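Okay, structure first, notes after.
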C-alpha cells in the first residue's frame, strides 16, 4: 500500500443564482483541468450587490486532489 | 426564575442535494435523541467530490440545547 | 480620479426558508436606508430550532458601501 | 410573520470598578440612542494600568438591535 | 502509572447578576451529572439586553473531566 | 470623572500610491463626518491589480471615536 | 442510500513518551465506549514540564463518529 | 519628541475569588519587577475545578510597558 | 453571461526597501507567468534582521486571477 | 542582489506510522516535481481511525519554494 | 495560601530528528535559565527543507513558569 | 552541529511618519539590549488619531533571536 499525497488549491466560484451553484460551478470548472478531485472546504462567502440586490454569490474554496504516483 | 444551563454538541450533517438540506438532516437526526434543541451554529462547510461533481455536502455545526433542571 | 472610501456595517438577516433567502432579505432591508451598497461577506451562520426543525436561518454579514464625496 | 433584520455595531465600555460595570456602562450609554437593543457579545477585554494598578477596565462589545420595519 | 484521558464538553451558563456567577452556575449544574470535572476555559461571553439593561450574562465554556479507567 | 464610551466603525481606504496613503485617506474622509476620532486598527490589506501592477491599495480599518456625554 | 450524520466530541490524550502516543492512547480509550470512530483532528498540543523535562505530552483532539440510523 | 517603543509580555493571574481579582493580582505582581506598565489585554480565561466548584480563576494577559530611552 | 471562476495562489515578495516594494515586486514577478491577475490580499508580514537593522521586508500574499473559459 | 519571490502551495502527506513520517512523505513527493523547496509550515493534523486504531496520520502543510528568475 | 502568578514566554526549538526532539531541546535549553517551568503549548510547527528532505524541524512554543513570591 | 534554540519577544514600535518607520524604530531600539536578533513578524497595526489625522503609527511585532549556547 502506498502513502498518498494530496495537493490543495484555492478557487473562487460565482453564480447569480445561489451559494450552492457557486460551489458547483467552481468544482466543475476545476475538474476540467485537475484530475482526482477529492474534497472541498468553504473558506469564505462573499457577494457583489447591484441595485440593492445580490448580483452574484462568490464562494472561496480549497479543493484537494490526489497526486498520482510517479512511474 | 431559574438560571438556565445549556450544553453544546457538535454534529456533521450530509446531503447530496444542498447545504441547507445537510443542515436540516443533521438537526432532525439530533432531535431524535436530544430534547430541547434550541439553536445551531455552522462551524465549517466541506464536501466530497466524485467524478468532477459534488457528491455530497457536509456541514459541521454546533447545536445547543437546554439542560433540564434536576428534580 | 478620486480615492474612494467605503464603510462597512454588520447586519443579520433571517428567513424560515433558506440560507440564501436570509442573505437576500438582509441586503434588501439594508438597501432601503443605505445607498451604494457594493459587496457583502458572510461572517457567521446560525439558526433557531423549534420542535426539532430549523425555525429560521440567521446569516450575519458585513456589507460595504461607498461613501459619497463631500461637495 | 416578518423576516426580521438586525444591525450590529461595536462599542467600548469603560469602568474603574469592574469588567461587568464596563459592560453595563456601555449598554446603558448605547440604549440612549439605539432602540431595540437585543444582545451583546464581548470581543476583547483590555485595560489601562496606572501606578501598578488597573486604572480602568475596557470591554469591546458587539451589540445587536432589531431594525424597525419600514412603514 | 496510567496515561489519563480527558473528555471536553461545551456548556453555557447564565446569570442575571454577573459574568462570574454565570461561570459558577454552569460548573455547578454540570457537576450534578459529570464526575471528575477538572478545568474550564471560557470560549465566548454574550448577553441578552432588555429595556436597555443587561438581562442576563451568558458564558460559553469548555469543561474538561477525566475519564475513569475501564475495570 | 465620567466613564467614557466609544464606538467603533469599519472603513476601507484606497490609494494608488501606498498602503499608508490608503490609511491616511480613510482617516481624513471619516473625520469629515465623525468627531472625536481616537484610534484605528488595520483589519486587512488587499489591493486591485491591473496590467500586472498594483492599481490601488485597499486597507480595511476599524476606527474608534468617543461618544459625547448626553446633556 | 442514507444521509449519514456524525457527532464530534473532544478528548485529551496524554503520554510520557511522545505526541503520537498521546494521540493513540486517546483514540484507544475513546474506542472503548464509542462505536464507529471515523476520524480525528488535532486541536492543540500542550505538555507538562517537571524538573526541566517534558513530563507528559497532551494532545487535544476532536474525534468524529457516525451515528447509527434509528431502527 | 521621541518615538516610544513598548515591550509586551504575557502573564497569568489567579484568584479563588473572581476573574477581576485574578487580573488585579497579576498586574500588582508584575508591577513589582516591571516599570512603566501601561496596558493589559486578556488573552484567555480558564479555571480549575475542585469538588464541582471553581477552585480558582486564571486569566492569561498580555501586559505592555514602555521601554526607557537609553541614556 | 458566464459564471467566472478564479484561482488563488500564495506568493511571498521581498524587498530591502519597504513593505510596499515587497508587494509590488511579488505582483510583478507573478504577472510574468500568470495572466488575468485581479487582486491580492496580504496574509502576513515578516522580515529578516541583520546587524540590528531590517535586512529585507517579506510580505506573504494571496493573489487571485480569473481562469479563462475553456474553448 | 535580486529580490527573491517565493510561491507557497498546500500539500497533505499521509503515513500509517507517525506524524513526522507523514511530513517527510509529503516533502519527498513534492520535491519530485517542485524545485527549490525551502520551508514548510504545518496547517492541520488529522487522521483516519479504523477499528479503534489510528489507520493513518494526515498532515496538511504549506510548502514554500523560490521562483527562478526569468532569463 | 497565595495567589500564584505565572509568566509565559515564547521559544523555538529545532532538531534534525523529529518534532518531539525539537520540543524537548527547547524545554531543556529554557530550563537552564528559567526556574519553575510548568507547562508548554505548541504555537506552530515549521521546518527547513534542503535537497528535498526535512533539514530540521522547528517548533514554536509558549512556556509558562511560576513567578517566585517576593520576600 | 548544535540544535539552536530561539526566543521570541513582543515589541511595539511607533512613528509619526510611516508604518515602515515604526517597524525600523522598534527593531533598532530592541537591538540595543538584545543580541542575535534574527527575524520579526507583524502581529497588528494600529494608530492614534488627533485632529482627524494619523498622529502616529503603531506596529506590534514578534521578534526572534538566537539564544547563545551555554558555555
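Going in written order, the chains are labelled A, B, C, D, E, F, G, H, I, J, K and L, and every chain counts its residues from 1.
Going forward, a contact is a pair of C-beta atoms (placed from the backbone, for glycine too) under 8 Å apart; a residue touches a chain by one contact, two chains touch by 3 or more.
Remember, predicted model here, so these are calculated numbers, not experimental data.
A.B. asks: Note down the smallest number of touching-chain steps it takes to go from subunit J to subunit L.
C.D. replies: The least step count works out to 2.
A.B. asks: Chain by chain, through touching neighbours only, how many steps does the shortest route from subunit D to subunit G take?
C.D. replies: So the least number of steps between the two chains is 2.
A.B. asks: Taking I-J as the reference interface, identify its repeat among B-C, C-F or A-C, namely the pair sharing over half of the contact pairs by residue number.
C.D. replies: Looking at which residue pairs coincide with I-J, the repeat is C-F.
A.B. asks: Which chain's centre, taken as the mean of its Cα atoms, is farthest from the centre of subunit E?
C.D. replies: I
A.B. asks: Between subunit I and subunit J, two copies of one chain sequence, what rotation angle (nearest 5 degrees) aligns their Cα atoms?
C.D. replies: It works out to 120 degrees.
A.B. asks: Between subunit F and subunit I, what distance separates the C-alpha centroids? Give it in angstrom.
C.D. replies: Roughly 23 Å, centre to centre.
A.B. asks: Using mean CA coordinates as chain centres, what's the gap between subunit A and subunit I in Å?
C.D. replies: A distance of 21 Å separates the two centres.
A.B. asks: Averaging only over C-alpha atoms, locate the centres of subunit E and subunit J and give their separation in whole Å.
C.D. replies: 38
A.B. asks: Of all the residues in subunit E, which ones touch at least 2 other chains?
C.D. replies: Answer for subunit E, listing residues that touch two or more other chains: 9, 19, 32.
A.B. asks: Every touching chain pair, please?
C.D. replies: Every touching chain pair, ordered by label, is A-B, A-C, A-I, A-J, B-C, B-E, B-G, C-D, C-F, D-E, D-F, D-H, E-G, E-H, F-I, F-L, G-J, G-K, H-K, H-L, I-J, I-L, J-K, K-L.
A.B. asks: Quick check: in the complex, which residue numbers of subunit E touch subunit D?
C.D. replies: Per the stated touch rule, the residues are 18-19, 44-49, 52-54, 57.
A.B. asks: Provide the residue numbers of subunit E that touch subunit H in the complex, in ascending order.
C.D. replies: Per the stated touch rule, the residues are 19-20, 23-24, 27-28, 31-32, 37-42, 63.
A.B. asks: Would you mind writing out the residues of subunit C in touch with subunit D in their complex?
C.D. replies: Its residues touching subunit D are 9-16, 21-22, 25-26, 29-30, 32, 56, 60.
A.B. asks: How about subunit B: which of its residues touch subunit E in the complex?
C.D. replies: The touching residues are 1, 3-9, 62, 64, 67, 70.
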